[in-house]
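Each structure below appears as C-alpha cells.
Next come two complexes, and both contain chain A; in the first it sits with chain B, in the second with chain C.
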Partner chain A sequence: MKVVNRDNQLDNYLWILPALAMFLVFTVYPFYKVLQLSFVEWDGITPHVKFVGFKNYINILFHNKIWWVSVLHAGFITLFALTVQNFFALMLAVLVDRGVRFGNFYRLCYFLPPMLSGIVVGIMWNLVLNADGLLNFLLNKIGIHSKIAWLAEPKTALLSVAVIHIWKGFGWAFVIFLAGLQSIPRELYEAADIDGATYKQKFYYVTLPLLVPVLVLVSILTVLGTMQIYDIIVTTTGGGPGYHTEVPFTQIITRMTGTSQFGYACAMGLIFGIILLVVSMAQLLVSTIKNKYQV
Partner chain B sequence: MKSNFLREILLHIPLLITASICILPVWWVFASALKTQQTIFTDFSLFPKNPNFANFILAWKKAEFGTYFINSVVYTILVVGGILLIASFAAFAFSRLNFPLKNVFYYLFLAVLMIPVPGAIVGLYLLLNKLGLTNTRIGYVLPQINGGIPFGIYLIKTFMDKIPYELDEAAYIEGCNKFNLFWKIIFPLIKPAIGVLVIFNVLGVWNEYMLALLVLSDKHLMPLQRALVVFQGAHLVNYPLLMSGVIVTILPVVIVYIFMQRYIISGIIQGALKG
Partner chain C sequence: MNKKGLLIILCLCLFNFSCRKIEDKNKIVVWHWMSDKEEVFEQLAKKYYEQTGTEVVFQLFAPSEAYSQKVKTAAQTKSLPDIFGILGDKRDFASFVKSGYVLNLTEYMNANNKEWLKRFFPQAIAVNQFLKDNEFNAPEGIYGVPIDVTTAQILYNKDLLSRVGINEKNLPKTFDEFIELGRKLKEKGIPGFVSGWGEIWLISTFAQSYAFNIMGFEKVMDTFKGKVSYTDPDWIKVFKIFEEMKKVDLFVPGTITMINKVAEQIFATNKAAFAFNGSWCINVYRQFNPNLNYGVLPMPKVNFKNSIPVWGGPGNSFFINANSKNKDKCVDFLKWLTEEEQQKFLAENTGNIPANKSCLKYIPAISKSFVKDLLNNNTFHPNTLPVSELPEVYLAFGKAIQSIITGEKTAEQAAQEVQEAKKREMNRLK
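After this line comes the complex of A and B, so read on.
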C-alpha cells in the first residue's frame, strides 16, 4: 500500500533543484563544450573558431608521438603501482591481520603519506633525491658513491617518480586490504586448521578467493588514480628532463595554458577518458570471468 | 615459546622498515625547515643542533603563507559546507519523497561517479572564463562543490534508506512538515554519513591543486598548494623557507590525523568501498 501524497509532487523538485542546477552548469555544460570543441581549432580567446572535423583526433592518434609516450609513462607508473605497491601492501596487511602487536601504530605510520598532497610529496622528495640530498648521503655512508640527481637524470627520472608515487599510495592500499582481510570470518580459518591446512594453503584457498572483490576495487582505483598522475610531476620534474616524465595530464594542461590549443586539448581529454574507461572495464570483466570459473 | 618470540621479532622487521620509510621523508622536511640555507645540504642530522625556528615566522609573515593558510581554511569550509547542504537536501528527496523521473535523475548523478572525464577540466575552465569567474573565490569554490555532490548524494541516500519509513509517517501524523522532518528528525540520524563526507572532502579540498592552477592567478586568492608551487618556482634556492611552507601546509592535517586516525581511516575506507 502506498502512502497518499498529501501535496503537489512538483514541490519536491525544489529539494534537488540546487544539486541539479550545479550539475547542469558545472558538469553537463563543460562536457558538452569539450565534445563540441574537440572538432574545432580555437585559441580560447578570439571569436575565430574553425571547424576541422576529426583532424584533432587523427593528429593525436597518429601523428603525436609524445602523446603516446606520455600514456606509456603513466602506464609504466601504473604497472609499478599495481605490482610493487599492491603486492607489498597486501603482504604487510596479511602480517598485521595475523594480530601482531602495535598493528595500530603501523597503520598510523603507513597512512600518513596518503594524507599529504601530491604537491607536498613532490617537494618533500626533491629534498631527498637531490644530488646533495638525503638518499645520496645515505648511499655514500654505506659505501656506494653516488652523485646522481635522481629526478634530473633521464635514466632515473621516471622510475624516481614511480617510487614517489607508490610511497604516497602504499598506505592507502594497505588500509583497504587490511579492512578486507578483517571482514573475512575467522571461522573459515578455524575450519581450515581442523582440516590440517598449511599457512600457504589457507592463504591461497581461503584468503585470496574471498579477497577478489577488494583486489579488483583496489586495482581499478589504482589504475584510475595513477594514470591521472599530475601533482607529483609538477613539483618534481615538470615533465622533464626532455619528455622523460611527461604524462597525459601534463600534455593536456600544456595545450591549454601553454600553446592555447583548446580544441586539441579537448580531444586529448576525451581520448584519455576513453582509455581510462576501457582499462577499468577490462579489469572488471577479467575479474568477473575469473570469479565465475574459480573452483 | 622461544621460537614464537623469535618469529614475532622477525615479523616486525619488515613492518618497522616500512614504517620508517613512510615517516622519514616527512620528518626530514621538518628537520630541514629548522636548518639554514648554509647547513641544509651539509648538516644531515635528524635533530639539528641549533634549530632555527625563525624560518616558520618568516614563512608565515614575509612569504605570506599566513594569507594562503587562511585562504585554504575558507575554501575548505565553503566547499564542504556547500556539499553537505546541497547533497543532503537532494538525498532526502531521493530517499523520502516522490516525484516524476526520480530514478532517472538519481542515476544521472550516479553515472558521473562511474565515468571518468579527465577532459572536463578544459570545458570547466572555458565556462568559468565565460562567466567571468576566473580569478575569483567563488569560481574556485563552486566547481568543487559540484564535484563533491554526486558522491555526497549517493552516500547520504544509501544511509537514509536504512532509517525506517514509519518514522516519517509518525512525524506527518504529528503534524510535522517535510522540512521539519528532514531537519529535526532525519538529519540528526545521518551524522555518521556526514562524518565520512567531511573527512573525505576536507582532505580533497585542502590538497587540491589543478583547479587552483587554472582558476587563480592572483596571489592573494591562492590556497596553500598553489602558493607552494609558485614559491618553489620563484625561490627554488631558498629550501628552508620552502620547507617551512610545507610544514605550515601539512601541520593541521598531521595533527588532526594523529588525534582522529581511527575515524579518518575508517572514513576513507567507507568512502572507497562505497564509491
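After this line comes the complex of A and C, so read on.
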C-alpha cells in the first residue's frame, strides 16, 4: 500500500516538474541574479564585476534626487488614475450594467484603447497635443487661442501624460467593474426596491459594499500598472522637458542601456519592486480592515 | 509507462537544449539594427553569394535600444554572431574589446601598404580605434569597419529665408546675426528652429560644437577631466546660447521633447526655417518632400578665434567576433562591402554618405555640403575625444539645456546643476 502511495507521489512530482522548472528558470533565477547584480558595479558587457556592497542602494536612496522625483511623478499619475480613471470607469460600468442603450457598443469602444500598444497611443496623442495638434485646433475653434505644445511645457507635460495613460487604461477598469457589477445577485436589488430604496441608496448600501473586492483588485492593478508606466512616456516626452516626466522605469532603462550601469539599474529595480510591494500590501490591509469593520 | 514516457521526453528536451549549434563554415551571420538598409543589405548578400559562394545572412533587430541590449546579452552568453555592430559610447566599445569579443583589424587594415585603411575617412577610422595608453586601457588597434559617414549640421529652408531677404550669399556668419535673423523670422510669423531635442545626444552635440568654439578644445577636455567647472564663465556663455535662442522665440513649440523623426517631418514640410540634423536626413527629407528647397548653413560662430567643429564621423560600423570560426571570411566580406562598387550601391540606395572616400564623386551636392567639414578635418565625435565626459553628466547637461529652453532655469542655474551632477558622479566613482 505504501509503495503505491510513493508511486503516486512520484507521479505528482513529475507532473509539476515542467511548471516548477519554468518557475525556477524564469522567475526565481532572474530574481536571484538581479539581487546579486544590485551589489556590484558592472557595465553589462565585461565578464568582470566589482563588488560594491550597499553602495548602489545608498546612492539611490540618499544621493539621487532625480530618482525620488521620478517616483513622485509615477505616484502623481497613479493617484490620477486611481481617482479620475476609476471613478469614471465605475460610473460608466454602472450605466452599462443598468442596460443603457447601445451597451455593447460602449463596451467595445471603451475596451479598444487598452488593446492598442503604448507606442501607438503615444504617437497618436502626439498629434493631438502638439502645438498644431487637434486639441489646440478645437480650442481655437471655440475662441481660446492656444499655441501650447502640451507635452513640452513643464506645467502641462506630466498632466498630459497622465491623461493619455488614463485614456489607455480606462477600458480595463471598466470591464472589471462591469464583471463585478454583473456578479451581484439581482434579488438584492429587488429586495431593496420592495423596501423602497432610492437608486442612490441601492448604490451605497448594496452595490458598493459588494463591489469592495473588485475595487481592491482594480486599485492594485491600477497601482501596479501605472507605477510601471514607460512606453507612453518614451513616445511622448522621453522623460522631458528636463526631468518633468521622468518615472522610475525611464530611470532604470536609462541606467541599463544608456549609461551601462547594470548593477545600479538592478538596485533601482529592486527598490522600486519593494515600493510596489509595500503599496499593494497597504491596499490589501486597508481593504481587509474595511471588510472586518463592515462585518 | 506514463512515468517512463515523461522521463524520456524530459531527457530528450535536456539533450536538445544542451546541443550546440553546428557552425556552417560557409555562412556568415551579421546582426544589425539598420531597418532602412535591410533591403539593400539583402541585395548585397545575394550578390556576394553569387560572386564567392559564401552565404551572408543579415539579421535585423530593431529598434536600436533592443538591438543594443541583444548584443550585450549575446556577449555575456558568448553567442555573438560573426559580424555585429556596437551601439553605445566608447566605454561600451572598450568593454567589448577588453573582454576579447572584437577582432583586432589593424593587421588587415595595414596589409598591402594600408590598402584597406586608405579607403576611409580618417575620422571614421578614429572612432573604431584605440590609441596607445587610452583612458579605457583598451589594447591599441583598429577594431571596426565603417560603412558610412555622417555629420550634423544646421540646415535652412531657402524658400522661407527668402521671405526675409536671405539667400545663399548673405547667410548669417555670426551667432548674433543668426539671432537677429531669428527675430526677423518671428516678426514675419515664420517658425524658426526645429530639432529632435527630446533626444539628449542631439541637444548635447549642438552645445558641444559651441563649447569648442567658445573656449577651445583644451578647456573642454579639462572640464571633462574635472579640472574646469561647468560654472566657468565660458561654459555660462555656452548655456547663454540657448537663452538667446529662447529670447527671440526661435524654437518651434515642442522642440525640446520632440523625437527626431517628428522634427524631420516638420522641417521637410516647410514648417520651420532651420533644423539641426545629421546627414541621414537627406533621404528622410526626400521621402517626405522631394521638392524641399534647403541647404547647409555653416554653424554661426560666437568666437572667431576658434573653429566651430561639427559632430561627425562614422554613421555605422561593423565589428568581427574575435571568436568566430569564419574570421577570415568575415574580413573578406567587409573588404568587399567597402569597395567602391558596393559603397556606391549603398550610397545610391540609402542616401547615406559612403565611408569609402573614392565614392564622393557619386553623391549629390547636398551630401557634399555635409562632407565638407569631414574633408577639412573640422569634426569631433565623443568617441574620438581623448577624454570622455561621464555618461550621467552628459545626460544632466542635455536636461539642463532643456530647462533653459523651457525658461525654468537661467544659464547660471543650469551650469550649477550640471556641475553638481559632475561632483556627484566623481564622488560616486571614487
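Everything below uses one rule, namely that the second predicted complex is superposed on the first by the 266 of 295 C-alpha atoms of A that agree within 3 Å, B and C clash if a C-alpha of one lies under 4 Å from a C-alpha of the other, contacts with A are read in each partner's own complex, and residues count from 1 in each chain.
The rule is short, and it goes like this: contacts are C-beta pairs under 8 Å (C-beta built on N, C-alpha and C of every residue); 3 or more make two chains touch, one makes a residue touch a chain.
On a predicted model such as this, the values are computed, not experimentally measured, just so you know.
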| item | value |
| --- | --- |
| Side-by-side fit of chain B and chain C on chain A, or clash | clash |
| Chain B versus chain C as contact partner of A:130, first or second or both or neither | both |
| First (chain B), second (chain C), both or neither touched by A:259 | second |
| Which of chain B and chain C A:278 touches, first, second, both or neither | neither |
| Which of chain B and chain C A:59 touches, first, second, both or neither | second |
| First (chain B), second (chain C), both or neither touched by A:191 | neither |
| First, second, both or neither for A:44, with chain B first and chain C second | both |
| Partner chain(s) touched by A:153 [first = chain B, second = chain C, both, neither] | second |
| Which superposed partner A:10 touches (first chain B, second chain C, both, neither) | both |
| Which superposed partner A:240 touches (first chain B, second chain C, both, neither) | second |
| Residues of chain A touched, compared between chain B and chain C (which is higher) | B |
| Selected from 39-47, 93-101, 111-119 or 129-137: the stretch of chain B that, after superposition, runs into chain C | 129-137 |
| Chain B/chain C common contact set on chain A | 10, 15, 44, 130, 132, 235, 253, 256-257 |
| Contacting residues of chain C [partner chain A, same complex] | 2-3, 6-7, 10, 65, 68-69, 72, 75-76, 88-89, 91-92, 95-96, 98-99, 101, 198-199, 252-259, 262, 271, 391-392, 395, 399-400, 402-403, 405-406, 408-409, 424, 428 |
| Contact set on chain A toward chain B in their complex | 3, 5-6, 9-10, 12-13, 15-16, 18-20, 22-23, 25-27, 29-34, 37-38, 44, 88, 91-92, 95-96, 98, 100-102, 105-120, 123-125, 127-128, 130, 132-134, 137, 167, 170-172, 175-176, 179, 217, 221, 224, 228, 230-231, 234-235, 248-249, 252-253, 256-257, 262, 265-266, 268-270, 272-273, 276-277, 280 |
| Parts of chain B lying in touch with chain A, wherever the complex brings them together | 8, 11-12, 14-15, 18-19, 21-23, 25-26, 28-29, 32, 41, 44, 85-87, 89-90, 92-94, 97-100, 105, 108-109, 112, 115-127, 129, 142-143, 145-147, 149-150, 153, 169, 172, 203, 206-210, 213-214, 225, 228-229, 232, 239, 242-243, 246, 249-250, 253-254, 257-258, 261, 264-265, 268-269, 272-273 |
| Chain A - residues contacting chain C, complex | 10-11, 14-15, 17, 43-47, 55, 59, 63, 126, 130-132, 147-149, 151-154, 157, 235-238, 240-243, 253-254, 256-261 |
